[in-house]
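The structure under discussion is supplied below as structure tokens; questions concerning it will follow.
Just so it is clear, A, B, C, D, E and F label the chains in written order, and each chain counts residues from 1 on its own.
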Amino acid sequence: MTGVDVLTLGETMVSLRTGTALRLGGTLEMTMAGAESNVAIGLARLGHSVRWAGRVGVDEVGTFILRCLRAESVLVDTVTLDPDRPTGLMLAERRINDLSRVSYYRVGSAGSALCPADAAASLTPVPRVLHVTGITPALSDTAAAAVREAVRLAKAAGALVSVDVNYRAKLWTEKIARPVLSALARSADLVIASDDELALFVDDPLDEAAACAELATFGVRQLVIKRGAHGASVWHDGQVEHAPAISVSVRDTIGAGDAFTAGYLSAILDGLSPVEALRRGTVTGAFAVATVGDWEGAPTRAELGLLQEPPGATLR
Amino acid sequence: MTGVDVLTLGETMVSLRTGTALRLGGTLEMTMAGAESNVAIGLARLGHSVRWAGRVGVDEVGTFILRCLRAESVLVDTVTLDPDRPTGLMLAERRINDLSRVSYYRVGSAGSALCPADAAASLTPVPRVLHVTGITPALSDTAAAAVREAVRLAKAAGALVSVDVNYRAKLWTEKIARPVLSALARSADLVIASDDELALFVDDPLDEAAACAELATFGVRQLVIKRGAHGASVWHDGQVEHAPAISVSVRDTIGAGDAFTAGYLSAILDGLSPVEALRRGTVTGAFAVATVGDWEGAPTRAELGLLQEPPGATLR
Amino acid sequence: MTGVDVLTLGETMVSLRTGTALRLGGTLEMTMAGAESNVAIGLARLGHSVRWAGRVGVDEVGTFILRCLRAESVLVDTVTLDPDRPTGLMLAERRINDLSRVSYYRVGSAGSALCPADAAASLTPVPRVLHVTGITPALSDTAAAAVREAVRLAKAAGALVSVDVNYRAKLWTEKIARPVLSALARSADLVIASDDELALFVDDPLDEAAACAELATFGVRQLVIKRGAHGASVWHDGQVEHAPAISVSVRDTIGAGDAFTAGYLSAILDGLSPVEALRRGTVTGAFAVATVGDWEGAPTRAELGLLQEPPGATLR
Amino acid sequence: MTGVDVLTLGETMVSLRTGTALRLGGTLEMTMAGAESNVAIGLARLGHSVRWAGRVGVDEVGTFILRCLRAESVLVDTVTLDPDRPTGLMLAERRINDLSRVSYYRVGSAGSALCPADAAASLTPVPRVLHVTGITPALSDTAAAAVREAVRLAKAAGALVSVDVNYRAKLWTEKIARPVLSALARSADLVIASDDELALFVDDPLDEAAACAELATFGVRQLVIKRGAHGASVWHDGQVEHAPAISVSVRDTIGAGDAFTAGYLSAILDGLSPVEALRRGTVTGAFAVATVGDWEGAPTRAELGLLQEPPGATLR
Amino acid sequence: MTGVDVLTLGETMVSLRTGTALRLGGTLEMTMAGAESNVAIGLARLGHSVRWAGRVGVDEVGTFILRCLRAESVLVDTVTLDPDRPTGLMLAERRINDLSRVSYYRVGSAGSALCPADAAASLTPVPRVLHVTGITPALSDTAAAAVREAVRLAKAAGALVSVDVNYRAKLWTEKIARPVLSALARSADLVIASDDELALFVDDPLDEAAACAELATFGVRQLVIKRGAHGASVWHDGQVEHAPAISVSVRDTIGAGDAFTAGYLSAILDGLSPVEALRRGTVTGAFAVATVGDWEGAPTRAELGLLQEPPGATLR
Amino acid sequence: MTGVDVLTLGETMVSLRTGTALRLGGTLEMTMAGAESNVAIGLARLGHSVRWAGRVGVDEVGTFILRCLRAESVLVDTVTLDPDRPTGLMLAERRINDLSRVSYYRVGSAGSALCPADAAASLTPVPRVLHVTGITPALSDTAAAAVREAVRLAKAAGALVSVDVNYRAKLWTEKIARPVLSALARSADLVIASDDELALFVDDPLDEAAACAELATFGVRQLVIKRGAHGASVWHDGQVEHAPAISVSVRDTIGAGDAFTAGYLSAILDGLSPVEALRRGTVTGAFAVATVGDWEGAPTRAELGLLQEPPGATLR
């Protein structure tokens, strides 16, 4: 099996979107959604080698997911085809003010049956970076175990472990999530979280310096805090650095955090400093919010500079 | 026949819209347009029982209108199917700056043949509220008589009569419209008008207090004045109250006044005060201007709070 | 609650169809699918009063289903909105030779949680005809009980009970299905089945006369056998009558059996003889197979004669 | 003004088509429909110079019609823009067996206000051929007078007058139509009719030879009879000749007669014999029935041979 | 051949646009693109008589271009159909911030084979205005010669010669372009350029007054400088006048310069002053940037006032 | 580099298709076309490992081609990205009787610049089968040399060489093609040709036995002759075997030959006999002609049996 820069694992679903209202019917556009595969595509577009591990059903929509990922040069050679469970789905509609309203069909899905063996099969050879999110442990006990196993194997082999906390209130309560997310964050080298997620894994969410210090005692070296329209910060080596958000016309915030993460990890893989990674993350995040679609708008390396063009300009 | 909260009557047409220019051809989206049915849907979405009365042709597009209204839980059990006249049509295109340009095929339409018997058939049992507009009297003599008959029956039975002045310069001149609209307004309990329509039914359109007093002598208890981007006011019980417009990205102003009226009447039916009704009207009006479509974007009761979400956010 | 000609109950799902291949992505058309609601619409198009009972989720796609049914004049006033379960989905694609390939997301759906109380709530007043299918008992124990309860109440009140056997191998094995379907068939006045389903509920499926006699001992008065391209037969009063299928260009066989059933029941409601009902069933069935969509092509009463027009003709 | 091979005049409407059912809404495709403009386009595609005369409204859909005709190289330089009347519309849907169901919005349309002055303005210089149909006289008294005036001027100047009887039962009764159509046919050099239209303008519709002789006494030199799937015949110079229809897969018969006429007149303009004209008419007619659209499928001169290619072949 | 107000000549290509990303596939919308035909359409919409000269292939997309131009009332009677070369194509996609990214298939195209004979054939009778751009000389030696020949003939006959400098870096280097564009500009009566193009044809691009004086020595009477969002200026008769840009929501800047030019030339043809022409140019330019499409949004004369309507308003 | 079952090389273009007529504009669907990549996808769908070699431009449509091939699990790791040439395009439209009319933009394309070094880079390790077509040598001298080099290397390493003669009259004359195709055929182990192509590479095209013997002297072991609707034959080991075509509704013949070849080679790779390979070829060919699209309808191994389902059936 080919070695890769980044391995990520989780559930990817087929996403069916309408630009108007589901209750009015009409047509839905088929695409693919998954925090981890969003990150994988974002990294692959930037030229890194990436493998995505997970499960899909033995069905045409599972094939659609694999086709999309392969098209984007994300390796899917360790994906498990689950003959007994369907590929998960989600429905999304647009409401006023470009709100996205989504609902999920993922209970009992192939993706939620991810297990430690799936993880283990994807970690030989060990990647330079393992990236996981706090969504996967919420899906099932086996999925939670798969994440733990992946982290354990990656750490043992010296890979950098990146964790995006990504708390989803629809999947589990804060009470159930807190010990799991807390343990997950403590096992990472790099933790990414939105500011309101801090409360889920540190003692004092209002004192970021203390939070950073607390995590550092477990070995976390970088704590990246996403603040939406207020940009992002990174705590590392006892200091904090900040990057403002880039102003673009917001069309769709889904996938913005994942795009940010892809930009951040890409810069780290390139050997850049945390604050430079932060800046690349705000660029890739801006592409995501300015485009409809969770991953479709991710920039290639050559496109990173496009945000400097005047709106409406023509590139020949 | 089931009793309802609100009865409204008028002409509803099939609307054919293109997002570009009619002269360039392409495809048109079929929907439905009518001031009174817009109000009916707005009220039904908010959970009120509503009946719409009117006429459609015995044709597939007439069936389309009835299907749409039934889909929205608006009762159409007293609608007259006119075997001799076609259902009216309108064409709409988009021009720069999101201008809508519309043209009508309603001369000789089934809807314009509305008559007093149609009205009478819909008023047993009498609804809590009768809502009519100043468009209907402009369509034909029988349609004008139908509105008068509906108002007469509603008042006789103690229903609240709501009138939206809705002057349409394409249908009749100010000179012809003035006595009709003036008589209609004076027969109402609640009059809704834009500020520039005041001149059509009161003596001194520049002195709103005097206008209110004048109408009060005929029994009008609430005078609601729509001021577009400047919000709306209500004169009642010798005082005036105001609500500012809610700032949203304007996509299409067609139907905004009707959406406002639905919100206003909904609050009145809920027993709220005029100023509270004004506020709900600005909320429902904001949904209308922020959505393409005359009625498609009307909020359900549960959605009234959506305007507080940040633009582009994801609702799971 | 209004009395109706026909009550039917079961699960209706949102159906998402592509004209090409799911694995290639693109757009899906949203529509609605359910054997019982197909029959309900078929009957309503022919002018009968119909109620459909079932469960949908408190979600936008559930609202879509209710909108579609109301649009088609099918009463949904006893439908239960299930706050804890999503509305079921199905995906459909087209393969060569106009094959339809479908997959379901109905495990744990609102529709499958149908229960006896739902049935009971829909049977006052009792309809002239109760129509159920063998799909519903396969969905869950409560759904099976709901069908039994509906049949019990209908029979007690003297309604005609119609059962379409509709065995679905994806939902349960023949072994598990046989006693359930057999009991269901025996409780009916009218049994509709394809020829290869006979084995599931009679002793000797190869001897239709004997099968008919066997069912008659339980009170079944009409046994209708659908033979696809070979037409249909009805055994009643000790005799058999046959109607050939009507030749049309086959576009989509989904919903053909339900369309046939709607035509058959419509004629029975009109007081026609079994063989006349058979003929109407072949007409309504022909409309279904000649149109893409499970119910969209169902004829109105005025359209029943359209099959006699030459293909490609213009109706002005 | 440029001289042309053919002048034709009549009403052309905007046609809005759906491939499914109007009652289900969705999107409509905008195109253009009119028997005479169909003939004009058919001739222009074959390389003849053609002018179409008529009226359209001063509206965007009128502009659409002019754009379409100009695009097809049909001269519209004498078209009257009517500021007081809208351009006519028609709606079309598809039903099973490729039936087209159409409804019209042409009462009071600009096109129906065609008048003698419009005709006169288009006949200087006089064309080689004037082609009119029996639809136009049915639209209004002025339109009938316009056709008479056009024929009078054309005959006076020695142009060949071609009349397609084209009786439309929706527009007038047989009783009212008969004298008008009869007079129109008698004034022609060339009469085109379907076999069941003969009864409208000759004494003995069952004896075609007698009919031909009768018309000849008024100066009619060619009587072309369209027999649909049975081909067409031409009576001329005391003899009859026949051409069989060309077998293609029938998709839409609207416009087939007009396409036939265009082929026939084209051959006459080329100096070919009546039977050769008949053959070209069956070819152009075959293109029309094999294509959805009234005129879109009309062949260019280079495409006349395409019917000899095997179905599904690739032309590089 | 009919005399016209304006003759323009150059290459027009078929343009295939996607609203998303080419790499993701999907559907492309076919339209037409060419700086000179954009100007031609802009002028024709405003009521002027215009001829466009150029070459297209003998292919269906060439026919598409001719259809589009004829539809817009642009004369194409001198266009050469080139049997040996295909019509040029361009692909366009949208990227974030409404950027347009385009690529061309015009090497060896029919349009690039324009030659002096083509030009000469279009200049009898001589138009009031000849408009050419600096794109055409970059296409081929024969195309450059064609432009020179057109200018020579126009000047000889006393027509006003308008030159839009329109430097395209993709087609030639500044070094090669400079002498050609400089000679072209000097041969004009009216030169239109963006401020950063000045350096290509005057000695001191930073001193506009000097540039104007320099050009005046060659006979240039008006120098129009486009400054994008900063409006435009005109140097004439020793003075400079300015018009600010009109603020609209920018959707697509392609074609904006051509639309400006059409407005400017239209006013000159109407006998207005240079500053009035500048103002009309900013209006027509605003229509272009506010509409997706290079020419589709060009205003008719009646629409010039539409920019004064409030955004989102309804025009009945 | 991974070893594969099959290597194929050639030019793949972006294909833009409309279902109606290019001259009418509208929308085009983007897909991908190339005889060799069609074969590659056909083989990959059946589970074989395949590499496609060739050149694409450094442009978004080149990226589209690579995305499509990767999605279909075809390896593109040796594809050359040509910075100086664009990816080739083709336009396709539908005409009556499902005729496809195509035109190409491939002169000077990246794909036509294929060279021996590209071939050499793709043949380490050597595949089990090399498949080439007679289209590639027609594109350019370097492309012809690339094919020769690929064949030379494959033969030297003992791979089976498969040649599809695929003469394209648009690309070269018979006179120029004959020596090239003849040499190519003689170098193969397996030659595939349509019956009318035989004349291009054997002495006596009317005597297939002699032709087979002639080729055998050069080492050709199997001569497969495609006869369209008449099926296919294989000459091998001194005998001939035949397989009839499978009857399906023909929608689009483009890609049918390539699909046949994929089926044939797949069976050979599976170790089946020539006549069994012939039968699989007729199955995969039937999928191609029954689906619109050159490769989209290719069956997976599991779908090979679908042709036995009744048309219009439902697969759950």
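One rule holds for everything that comes next: contacts are C-beta pairs under 8 Å (C-beta built on N, C-alpha and C of every residue); 3 or more make two chains touch, one makes a residue touch a chain.
It should be emphasised that the depicted structure is a prediction, and the values quoted were computed from it without experimental measurement.
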Subject >> Topological distance between chain D and chain E, in contact steps >> reply: 1
**OP:** Spell out the chains that contact chain B while also contacting chain D.
**Re:** C, E
Subject >> Least hop count linking chain B to chain E through chains in contact >> reply: 1
Original post:
Which chain's mean C-alpha position is the greatest distance from chain B's?
Top reply: F
Original post:
Pick the pair with more C-beta contacts: A-F or E-F?
Top reply: E-F
Original post:
Over half shared or under half: which fits the residue numbers at the contact of copies chain D and chain F, same or different?
Top reply: different
Original post:
If you average the CA atoms of chain C and of chain D, how many Å lie between those two points?
Top reply: 47
Original post:
Just how far, in Å, is the C-alpha centre of chain F from the one of chain B?
Top reply: 63
**OP:** Compute the distance, rounded to whole Å, between the mean C-alpha positions of chain A and chain C.
**Re:** 44
**OP:** Give, as an integer number of Å, the spacing between the C-alpha centres of chain C and chain B.
**Re:** 40
Original post:
Which residue numbers or ranges of chain B touch two or more of the other chains?
Top reply: 21, 24, 26, 67-68, 101, 103
Original post:
If each chain is a dot and touching chains are joined, what shape do you get: line, ring, star, complete or other?
Top reply: other
Subject >> Pairs of chains found to touch, sorted by chain label >> reply: A-B, A-C, A-E, A-F, B-C, B-D, B-E, C-D, C-F, D-E, D-F, E-F
Original post:
In their complex, what parts of chain D are in touch with chain B?
Top reply: 16, 18, 21-31, 59-61, 63-64, 67-68, 86, 89, 91, 93, 101, 103, 105, 107-108
Original post:
Considering the complex alone, what residue numbers of chain F touch chain A?
Top reply: 67-68, 70-73
Subject >> chain F partner contacts - residues on chain D that touch it in the complex >> reply: 248-249, 286-287, 290-291, 296-297, 303, 306-307, 309, 311-316
**OP:** Spell out the part of chain C that touches chain F in their complex, as residue ranges.
**Re:** 20-21, 24, 95-104, 168-170, 250-254, 289
